[in-house]
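I am attaching a structure below and will ask some questions about it afterwards.
Chain lettering (A, B, C and D) follows the sequence in which the chains are written, and residue indices restart at 1 in each chain.
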Amino acid sequence: MSEDARPLLEVSGLVKRYGGLVAIDRVDLKVPPGAIAGVIGPNGAGKSTLIGLIGGALTPSEGTIRLDGEDVTRLPASERARAGIGRTYQIPRPFLDMTVEENLEVAQYSIAPFIGAAAARKERAALLERAGLADASSLPARALPLLRRKRLEVARALALKPRVLLLDEVGAGLVDSEISELIALIRSISDHRTAIVIVEHVIRVVRECCGRSLVLNFGKMLIEGPTSEILANDQVAAVYLGTGGARTRADDKAAVPPEGAIHVRAPVEARTTLAALIAPPAASAKAPLLELQNVAAGYGQARVLRGVSMRLQEGEAIAVLGANGAGKTTLARVIAGAVAPTAGALRIEGRDVAGLAPHRIAALGVAHCMEGRRIFPTLSVEENLLVTARNGDATQVRERLQAAYDLFPILAERKMQIGTSLSGGQQQMLAIARALMARPRLVIFDEISLGLAPVIMDKLYDALALLKNARMTLILIEQDVDRALALADRAYVLEHGVFALSGAAREIAKDPRLRHVYIGDAD
Amino acid sequence: MRHPTKTCLAAAIAAASFGLSQAHADEIVIGASLPLSGPLAGFGSFQQWGYKRAVDEVNKAGGISVGGKKEMVKLIIRDDKTDPNATAANTETLISRDHVVAMLGSCTPALVNAGALVAERAKKPLVTGCDPLEAFKSVRKWKWVWDIFFDEPDLASVELKAVADLGAKTNMKIALWHDNGPDGQVVGGQIWPNVAKQFGYEVVQNAEFPVDNTQFTSIIGEAKSKEAEVVLVDAITPQAVAIRKQMAASGYTPKVLNIEKGAEPVQFAEALGKLADGVLVGGYWDPSFPYPGAADLAKAFESETKLSSSQHIADSYAAAQVLLDGIAAAGSTDPEKINAALAKTDKTYVVGPVKFDENHTAKLPVVSLQWQGGKTVVVWPKSAKTGDLLFPVP
Amino acid sequence: MPDIGVALSTIASGVLLGGILALTALGLSIVLGVMRLVNLAHGEFLVLGAYAGLFFLQFTGVDPLLGLPVIALLLAAFAIPLYRWLLQPLADRGPEAQMMTMFAVSIILQNLFVLAFSADTRSIARDYAALPLTLGPITVPLIYLIGFAISVIAILIVNWVVSSTAFGRDLRASAADAEAAATMGVDVKSVRMLTFALGVACAGMGGALIGAAFQFGPSSGGAYLLNSLAVVVLGGLGNVLGTLAGGLVLGALQSLGGLTLGDGYRDLVGMALFLAVLAFRPDGFLARGRP
Amino acid sequence: MIGKAAAGGVVETAVILIVAAALWFAPAFAGDYWLQIGFRALIYLSLAEGWNLMAGSAGLVSLGASCFVGLGAYVVFGLLNKLDMPPPLALALAAAAGGALAAFVSPALFRLRGLYFTVGTLALAELLRLTMINVSLFGGATGIFLAQDPPDLPALFHCALVVAFLASLAITFCARTRASVILRAVRDDEDAAAQMGVRPFRVKLAAFALASAISAMAGGVQAIKLGAIEPYGIFGLQWSIDVLSMAIIGGVGLRLGPLVGVIFVIALGELLADYPEAHVAIAGVILIVLIRFAPRGVVGLVAYQKLASRRPATA
């Protein structure tokens, strides 16, 4: 990395406007060959937009992008890919109906249609080996779990033999051991001819890989410099990391929440405020609110849950933990009725509800705050909330709306806006409020903190704590073990479709086997 | 790869097994492709009745003597869905799979010609009754196909002749509207302008429209603004209904309104009710015609089907009779001999005398009909008339 | 060049006719927008509505335009089993399966029309359908104005249902993300069934209007399907008010085309416009630019 | 993997060659009826192969087959009547015209994805038909007659065989070589494919133009056989619908789908020909049942059952 080496990737004065909204505002970035640059910032700061602009999926409103001195600003994505810019998607988009190997062929044959078959095969084998997918080469991509799909994203981008590689949140959702593998992989890719740009929430990846980093906030460059300095910078910590992510330091009020959103009232007051959103406890609680007995479920021939049993009493909060692909979300979908169990019993207050349509289960008081938020893009914020408010008269619905707006005042401000025009964190608040609008007996929160900045996670968990105090029955499905265990009464740990561990949250937190589940056999 | 191949094989065998079901050796097989569905399904059902009746009558009388042996006639009818491609395909199938000795035609030039071209190529006789002669002749010099129908110039001039003859007075301004189908172009584009001039009319408008057009407001508006008191229209029934309604809704009522082709079936009057009154249409047949069996034919149709009769039962019935007589005269199922016998046809049928000219056409005489109270009345020529002209159009 | 009275009358009729076209297209728009289904049997539903109007008049003696709500209900009742047995089982099978099923329904219906009602051209003969309405130099058919008014009212009602009622909210939520909607408590199957019924009911009303204003037969459906598709694309998929605007624009431009090039070019102008909009404003010409 | 696919391609090409060569001699012993059926099947096979290429490989569901059939027919008739061109040359030019029209309209049609493309092709066919009807140069609604006498049936059969052969070879190329990977990538996710360096527009255009050229050529052969064309028949929606139902009945995206679909639909038509009053409705019912119970078409049904019986409930 010589000083006079001209930058391989040079972004200058980049602006992206959507109507009146400025998603990227005059961003500059120079990455010389051999360097790895990090881009960090809170959710909604424009990081993925920046990747889209450099990759060519989006067209910039202003500014230029140069690859090795050549202006590629106006080239479509395909031409940029051919010129040597490879990217991954934050949410992997493999070609689902093609095999893993064929996914790589797409890139190979598009840049070199006449490459020798043997050479191409060798190249693919090497790439798959490197990405840890060698055993899956002839599986259809659809069969891969999320984590392996992410690896396929990287392998596929590498098959382009890119000079500039853009990695968008490849670390999200990985456990420690996997992150170590990822870091090793990134380092192995980096050589003196390649420039890499990493957008990442997992700070460890940035810290260990990136020489220099850029912090984005509200589409603007906040600061740029050597990564170690950036991470030590107080300003950065304030906007991005909040309090450093640890609940223990939640007393630090200096952190300005970028979403500025959640109104946290005193618990007592909260209880009355939230009353409209929480179903009163059943008069006579004979049977447990929710009971699963040896439930098995899956998709087609893939069995994901292989017999899980659990009981949940009214007013309890439980956490369901486990590595990626262990079946956590499938469990949530089974309880919500989106996936019918293939075996076993699913009871709500003693009534067998296995195979009941989702809307019937919802009518029994089960609300599901779905993974990925799933905000209806054609409905306004308020309409999104009203969709679930099905079991009340006009007055009750008004009370619930008021309560939801009290919980998340930002939603009241934006109630006439289209739901998906909100930022990620705000959308997550909307998703939570929407689940509550049903005035449910039980809420399943599925990965509500995924991809959010720590400070927003804190705020969301504050809201959950209020709910718990108000004796709402909760199921937390969570990657973030510490947060979930801090809130839950009990926890279940899924491994390969069965509960490997269960018990009081405090016990589980101390149990060494928990670590083993995540690190030992995780995949 | 292997299993689907077997499927193909099985399907092919299935296809083969029904292809082999052949006619009995002691039958004379004739066939027809008719529009039993699609826009022209109305014509097709009349034709089907006419064809079947002629064949049934012959069979009731013991069949036709071929090579000294009486044989029954078998009529195979296929639906062409008002699609010329299907007419052609049906005709091919009739010839190659059903081994017909001769065929009867479909209806309207597009469909008839499609089938006729196949018959011509396969050298099988085909007699048709629903293809105006000029449109028929314009296709080619026919060797195997015979057409019994009216001649467009006759039909095109009949109404103006009638109007002149019956002494109806107008401002002599005439508007001509016609579709751009084969017969529409011949009648409206070529014949009418000349005939109108002959009779001393001033042609103030000559408008052409496609066969599936449904909006005629600008055409009607123009005629109205040019004060045409005589309007001649050549259009199929749906358009005829549309035009009449839209004329009324535009407040335009000429003194003489003639709608060729489309105003002919009863459905025209049924769809329009009172609006149909006064509309003139050329006809080539009416049960009142003094030909053998004319009245009986209409009565038989009406008692069998409970529907109002149409002139299409007569031309189809006559066409089938001509063909059957030709086979009988040939005394053989050899296409060459049947074709030669057809050329010698000279007999009076239910539609009048039939004798083919060198173009393989036999012209039917044309009369002027007018809708009055939901029924057609022959208003001209005086020799055939069954009622008086309603003038002007109410 | 035609005289000014003719020109004005033609354009005025065109715009009014456009309103009627909008009603005929409304059912298609709803079904296409919510269920992503190109309902190839839409034209046949229109024809069915026209027959319903005709027989309604024959049996009850009540004017079919007054009986529109009854006709709408009849058609909706016809649509529900159709959806339940034919379309619902295919809900997760991509758009082609449902589209082809509706095509099969369309040819079956056409065939049944011929068998049951003969292939005759029909028209609902009402006196008001043959009356002109004159305003200065402009003459338009009275029935066009009546049809236009009915159409606007029907479209406004449907728009209100879709944008301001709980059912409309469920409908839009199901259209956007069916799985999430179901999880949020929406009975997606019922919503889709009712949406389909609503679409067919609208088609039935449009058909009865066509029956009174124009003429129809068993095979008239195809032409109306294409015109309706043009209206829907002009107005934007699933955009109820856009359908009205699309109808008006199509009607006006078609009559301009008819005026300057001849009536034969009406449909040609319509199709050219349709393709142009598809090419340059795929969300309909009303849509604001996509972000 | 790639080796296997390539080997499959070689085998497939060989099979096509052998079958085509065998069929070449069919007129010597098959009766006229079988030649007529064979001709129809070959024309439809060409159209259905093209459709399958677009839909199954590039995700373009077309309702515009009639557009290119009609175009091919008019081009061939024009060239034969006005320039007295030899038929093979006229057919080649018809194919070129089909490809050219596809290229010309693709910027408009490809802006649209999914349903819009389908609707767009439908409108395009209608636009072309209306143009032919209204412009007297093209014979208006009367259409055009072929001036010369059409060739005899065996010659026409050979013509159709050549078109179907070329179509099958082209599809084999697209399905068995590297092109297939690129095509499927575009079908699955256009944006992601672009990020892999694939140029989706060109790929879709290539598939669309190839299918259109094949369709136009098939339309030309059909027109020569008819001897007379007019817009309502040759641009009829029936073509598009027939092709679509054949492809769906056979199995979308499956190599043998078009062949099986064509045989099935033609056999069905011939079987029901003796029930003219209800045959359309019966065909409709059969279509509904097949769509419902054979989602991947007849081929998919058979293949899946074999698979299921061989290894129950694993994978």
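Following the convention adopted for this analysis, a contact is a pair of C-beta atoms (placed from the backbone, for glycine too) under 8 Å apart; a residue touches a chain by one contact, two chains touch by 3 or more.
Note that this is a predicted model, so its numbers are computed, not measured.
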item	value
Neighbouring chains common to chain B and chain C, by label	D
Pair joined by the larger number of C-beta contacts - A-C, A-D	A-D
Farthest-lying chain, centroid of Cα atoms versus that of chain A	B
Chain centre separation in whole Å, for chain D relative to chain A (CA means)	45
Rounded Å distance, chain A centre to chain B centre (Cα mean)	72
Approximate Å spacing (C-alpha centroids) for the pair chain B, chain D	35
Contacts with 2+ other chains: residues of chain C	110-111, 262, 264, 267
Sites on chain A at which at least two other chains make contact	none
In chain D, residues with contacts to at least two other chains	130, 133-134, 277, 280
Listing of all chain pairs that touch each other, if any do	A-C, A-D, B-C, B-D, C-D
Residues of chain C touching chain D in the complex	32, 36, 38, 86, 89-90, 93, 95-97, 99-101, 103-108, 110-112, 115, 222, 226, 229-230, 233, 262, 264-265, 267-268, 271-272, 274-276, 278-280, 282
Chain B-touching residues of chain D, taken from the complex the two chains share	8, 12, 31-37, 40, 130, 133-134, 136, 140-143, 145, 149-150, 222, 225-228, 230, 232-234, 236, 238-239, 254-256, 259-260, 263-264, 266-267, 270-271, 273-274, 276-277, 279-280, 298-299, 302-303, 306
Contacting residues of chain C [partner chain B, same complex]	2-3, 5-6, 9-10, 13-14, 17, 110-111, 114, 118-123, 125, 129-132, 134, 139, 141-144, 213-220, 223, 254-255, 258-259, 262-264, 266-267
Interface residues, chain B side, partner chain D - complex	1, 3-8, 11-12, 14-15, 18-19, 34, 36-37, 76-79, 81, 83-86, 88-90, 92-93, 95-97, 109-110, 113-114, 117, 121-122, 139-140, 179-182, 184-185, 210-211
Chain C contact footprint on chain D (complex, rising order)	55, 61, 105, 107-109, 111-112, 114-116, 118-120, 122-124, 126-127, 130-131, 133-134, 237, 241, 244-245, 248, 252, 277-278, 280-281, 283-285, 287-288, 291-292, 295
